[in-house]
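Each remark here refers to the structure printed beneath this line.
Note that the chains take the letters A, B, C, D and E in the order they are written out, and that residue 1 is the start of every chain.
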C-alpha cells in the first residue's frame, strides 16, 4: 500500500547568520493511512522544519516528499498543519467562532458549518468563549482554538506541532483522548511533534526521534500497545513503562524517567 | 496599558492651533494687502465665482478627478504592492521602472497623456493616478513583507483558494497599511489634480485657481485654496477614521 | 567578493526597463506613435548628449539635487522627531493632529507663487517646498510606526528601560521599516515638487531646464531632462535603501528587505 | 528676503532684468552682448524666467525691470501691485504680425466664425492673445463662451492640433511656425490687429516708486534698447546668433524666425485699448488708473 | 519580615465580548525573599493575569499589590517577567546576543556586559547561535533566549510564565537545575507558572493552585524537600511522590499520575 505521507532522502537547508545551514539530511519517513506517528527531538533539532515540509509549506532542498504517492507541491488537500506558534496563526480580526470556521466556511452551508464549529469548540472546551476575540484568550485557549479549527475541517492527515504544549495536565489528557477517539472514528493519519515522552508513547503507533546536526531519524520505535488506550490502565502496563524507558534512554535521558517504585 | 477611549479619526479639537493662526492673521493682516489678504476677505474673493455659478461645478469636477484618481490608485497600489511584496523577483523586475515613472513631473506628462486621451477627465486621471499609486504601493509592499509567515501558512494548510486567501487573510491584514498609504497619497492626488487643472485649464478648482493667480486676485486664490484644503481635509478625515476603526478591530487597540 | 556586488545589480529590473524603452522606440519607428513632442529614445539620447556636453545638465542636476535633498533631510529630521512626539504623547496628538491634517491637505503647488513672494527667486523657495512635501509621508509613517507590539514594550518595562531607552531601543527600531518607507516616499515627493517649484517658481535646476528646452522646441533635450529626473529617482531610492540596509541591518532583515 | 533688500540699496544703475525666451527681448540681449548698456553706463544682471505671469509681484524684490504684457499689468495694478510701464518692447503692425489663431482643415475650422462649439488651445487663458481673440470672436458675432478653451503649452500645440485633440490654436512665435508647418493648418489671422491696426502687446515694466525715482536710468535704458534695435536691423546674422543663444531654439527655427517690430515707445492709447478689450471680452470690472501705469513717461 | 512580593484581596477585571469579566477575586499570596513559589491551574484560570499583576504590568482592579512593602506602580526595580508569549517579546531586529543584552547594556560596561551575555547564553545552551536573529530560531530556542535575557539582568525577583513549556525533557531538566543553582547562589525570589506538576514539585518551596471563576487560590502546599535537589534522587524519594500525588489530586486529576509500581 502506498503510504499516506512519506519523505525519502529529505534534505532541507535554511539561511542562517553565516550562510546556509543544513537542518535536515537524509530523513526517511513514511506514514501509513490511519497511523499515529510521534516525532521527538531536542529543541532546535528540526521537528518543526520536518513538519512544514510534510505539510507542503516549505519546499525540500533535496529528496522527495509524497502524499498518497504523488509528489507534494504546496499543501495537499486534506492535510492540515497545527502550528507551534499559535499566537500568530489565529486571525485577530475574527472571533473564535469565525476563526474556527475559516477552513470550512467556503465549502459548507451555514447550518452544517455552525454545527461543525460548535462540535469542534465543545471538544476543546471553548464553546462558551465562541464570540470572544482570540487576543482576549489565554495562551492555552488560543492553542485550543487552533486545534478546533483543524478538527473542524475533518482532515485526512493532521500534522500537529506541540499542540498541547501550553495546556495543563487535565485539559491535555482530555484532548489526548478526544484526539484518539476522532482518529479511530475517521481514520485520520496523524504526525505529532511533542516534547512529552509519556504523551508520545501513550498516543502513538510509532515514534521517531530526530537528532544530529543536520538531523536525521535516530530511533524508530513501534508502540504495539493495544487500542483503545486509557489514561490509567494503559499507563500501568508493564510494556508501556518499558517503552517509555527505552525512549528516555534513546533521548540520552539519564534522569527524566520518574521513579518507578 | 490603559484602554484609550477614542471615537476614531482625528479629534476636531486638534484644529485649535490652525484656528489660532487664522485669527492672528485676521487681526494683524492688512485688508488691502495684494499678497496676504486676511481671511475675512476670502469669502468676498470667491463671491464672483459663486455669482457666476462656476464654483460648485468646479468643486464637482475637481472632486471627481481627485476621488476617482485616489480610488484607482488605491486599487492599483494595493494589488501591485501585494504582488511586489510577495515575490522578490517581481519586485526586482518592476521596481526600477516604477521608480522611474513616479519621479516624472506631472506637468511634462500632461501633453503626452493629452495626445492619447485628449483634454478629458480620463487624461487628468492618468496623470493623477501615476504618482498617487506609489505611497499605497510602497506601504502595502512593506506590510506584506512583514506579515508573519505563520499567518500566511494558515490559509494554505486549510486549503483556502487563492481568492479566499486574498479576501479573508491578505485583505484584512493589509487594510491598515493600504489606508495609511491612502492618507499619504490623498494630498498628493489633490495636488496633482490641481496642477493638471492649472496647467490645462480644462475645468475644476485648479482652472479657477490658475485664472485667479494670473489675475492677481489673491483673496480669491486663498478662498479657492481653502476650499481645496477642505476637500483634502474631508478625504483625509474619512480615511483616518477608517484607518483607526480598522486598526481597533484588528487588535483592539488604537 | 565579486559575486555579491554582481548580485546587487538588478539585471531583471534593468532588462524590463530597457525592454520598455525598446518598445517605445519601435512604436515611434513604425509610426504608430508619431509626434514631434514625443521623440523616440534615440533622439532623447542625442538630446542627453547635447545637454551633457554643454554642461547645462550637470549644473541643473546639482541645483535640483541640492534643493530636493536639503528639503528632504530637514523633513526627515522634523518628521521623525515630530512623528515620535505625536505618536507617543497623546495630548499633543489630540490638540494638533487635525491642524496638521488640514495643513497637509493644502495643495502646495498653489503656494509656490506665494513662496516666491516670501523667499524670492531663490533656492530657499525650493527647499521650503521640498521640505513641506516630504514632511507628511515621513511624519505619518513615523506616527504609524510608533504603534509597537505591546509585548515588546512590556519587555522594555520589565527590564526597567528608561523612557528614552524605550524610544531609542524599541519604538524607533520597531518603526524603522515604516520610517524608511516614509523616507523613500518623502524623497520622491520632494524631488517631484522641487521640480514643480522650478517649473513655476525659481527658474533654475532640472525643472526649469525642462521648461526652457520645451519652449526652445528641443523635445529631445526636454525628454532627456525628464529621463534624467526618472533615473535620479531610481538612484536616490537605491541609495536610501542601501544606506538603510547598512545602518539598520536588523530591521531591514526582519522586514524582509535583505535577502538571505 | 534679506538678500533682495540688500540689492535694493545697491547701485541704481545696475538693472536686474527678467524676461523669457521671447524674441521681443532680443534688444536687451543684443545690448548686453554688444556692450550697448555699458555705453549708457548701465550694468545688467539678467535672469531667464519662462513664466512671466508671476513677475509683477517680484519687482523691487528680485528684479527691477521685467518683460510683461498689458493684461498682466492691468490685472496686477487693479489688485494693488504698483507696476508701471517703463518702455515698449514690440509693436504689432499689419505686415509683421506676432499673434496667430490657427485652424485646421481636418477639424473644419478655417474661419474664426467656425470656432463656436469647438475646442481652442490657448497659451494662457488670461493672456493678451486670448483676450484679443475673444474680442475678435465678439466682433464676428461668436459668443466666446461657446468656445471650449484648454491651455496647451506652446511646444505641444502642433501635435495636439495635428492629432485632432484641439480644433484650433491661438499662439505666438516661434510656435506658430511649427504649427503652420502642417499641411492642414490654416492661419485665421492676428487677433491683436483686430483690436487696432497698430498695437503693442508686450512691454517692459517696473515698480512705480522705482520708476519715479529713476527716470534718468529709464531714459538710458530706452536709449540703449533703441540703439540695439538699430543694431539688429543692420546686423541680422549677429542678432540671430544672440537670439539662438538665449532662446536655445534649433537652427531651422532661428533661420525661419520673423523678428518683430521693436519699439521703446510707451503707448498709453494701447493700454486703453487693452483695458477696453478686457472689459468687453473678459468681463473685467476693475478700476484702473491708466495714468499711473504709464506715469514714468517723461 | 516583609514579603518580597505580595498581594492581598487582589481582584482583576478584564474586558470581554459581553462586558467586563471578573478574572481574579480575593487572591492572597505573599512570597518571601529567596522563596520559590509555583502557580498551577487549568488553562485560562488566570495564572498569566496574576503574574502580570505581580510584575506591575497590569493594574489591579481591587486589592493591593506590594513589592518589599511598597505598593506597586509599574514594574518595580529588579523584578523581571519572562513571558509565556516568547515569540512577541524578542526584538526581531536585534541578534540573540543583543536581545540578551537589552536589559543590561545601559548600566554595564562593554566587557562586563559581554561576559554576562555569554554566561547567560551558555546557561541556556545558545552561545553558538548568539549572532542569529531570533526569528530564525526554533520555538524552544526563542523561549531560551528570553530566559537568558532575564537571567542576564540578575533580577531580585523572577516571574516566569511557563518558561520551559516549549522545551524537550532533557533541555528542560538541565535548565531546571541551572535555575535552582542560580537561585541558591543569588537568593532570587521566583514565582513560576507551569503546567508540569513534576516540575512544580521538584522546583518549589511552595506551590499554589488557582481555580474557580473568578479564580482564587484553591490549594497551597509546602514542599519541604531538602535542597539541593537532584533529578534522580529527589524524584525517587517517597515524600516527593506523596506530594506529587496530592497535587494531582488537588487538580482533580484522576489519571495523570503515572503508575507507581
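Annotations
Simple rule for what comes next: a residue touches a chain if its C-beta (ideal position, glycine included) is under 8 Å from a C-beta of that chain, and two chains touch if they have at least 3 such contacts.
Just so it is clear, the structure is predicted and the values come from calculations on it, not from any experiment.
Common neighbours of chain C and chain D, listed by label, are B.
In this assembly, the chain whose C-alpha centre lies farthest from chain A is D. Of the two interfaces, B-C and C-E, the higher number of touching C-beta pairs belongs to B-C. Overlaying chain A on chain E by C-alpha atoms takes a rotation of 180 degrees, rounded in steps of 5.
Taking each chain's centre as the average of its CA atoms, chain B and chain E sit 50 Å apart. Separation between the centroids of chain B and chain C, computed from CA atoms only, is 17 Å. Separating the CA-averaged centres of chain C and chain E is a span of 49 Å.
In chain B, the residues that touch at least two other chains are 35, 111, 115, 213. Residues of chain E in contact with two or more other chains: 15, 57, 85, 88, 95, 133. Taken residue by residue, chain D touches two or more other chains at 57, 153, 155-156, 159, 163, whereas all remaining positions touch fewer.
Per the touch definition, chain B reaches chain A in the complex via residues 148, 150-151, 153-161, 164, 168-169, 172-173, 249-252. Residue ranges of chain E in contact with chain A, taken from their complex: 14-18, 40-44, 47-48, 84-85, 87-88, 95, 131-133, 136-141, 144, 162, 165-173, 195-198, 231-232, 235-236, 240-241, 248, 251-256, 258-261. Note for the complex: chain C touches chain B at residues 10, 12-17, 20, 35, 37-38, 90, 93-111, 113-114, 117, 136-137, 140-141, 144, 147, 150, 177-178, 181-182, 184-185, 188-189, 191-193, 195-196, 199, 207, 210, 214, 222, 226, 229-234, 237, 254-257, 259. Listing the residues of chain D that touch chain C in their complex gives 1, 3-4, 20-21, 47-51, 54, 57-58, 61-62, 153-156, 158-159, 163, 174-175, 178, 247-250, 253. Of all residues in chain C, only 35-38, 113, 116-122, 124, 199-201, 203, 208, 211-219, 222 touch chain D in the complex they form.
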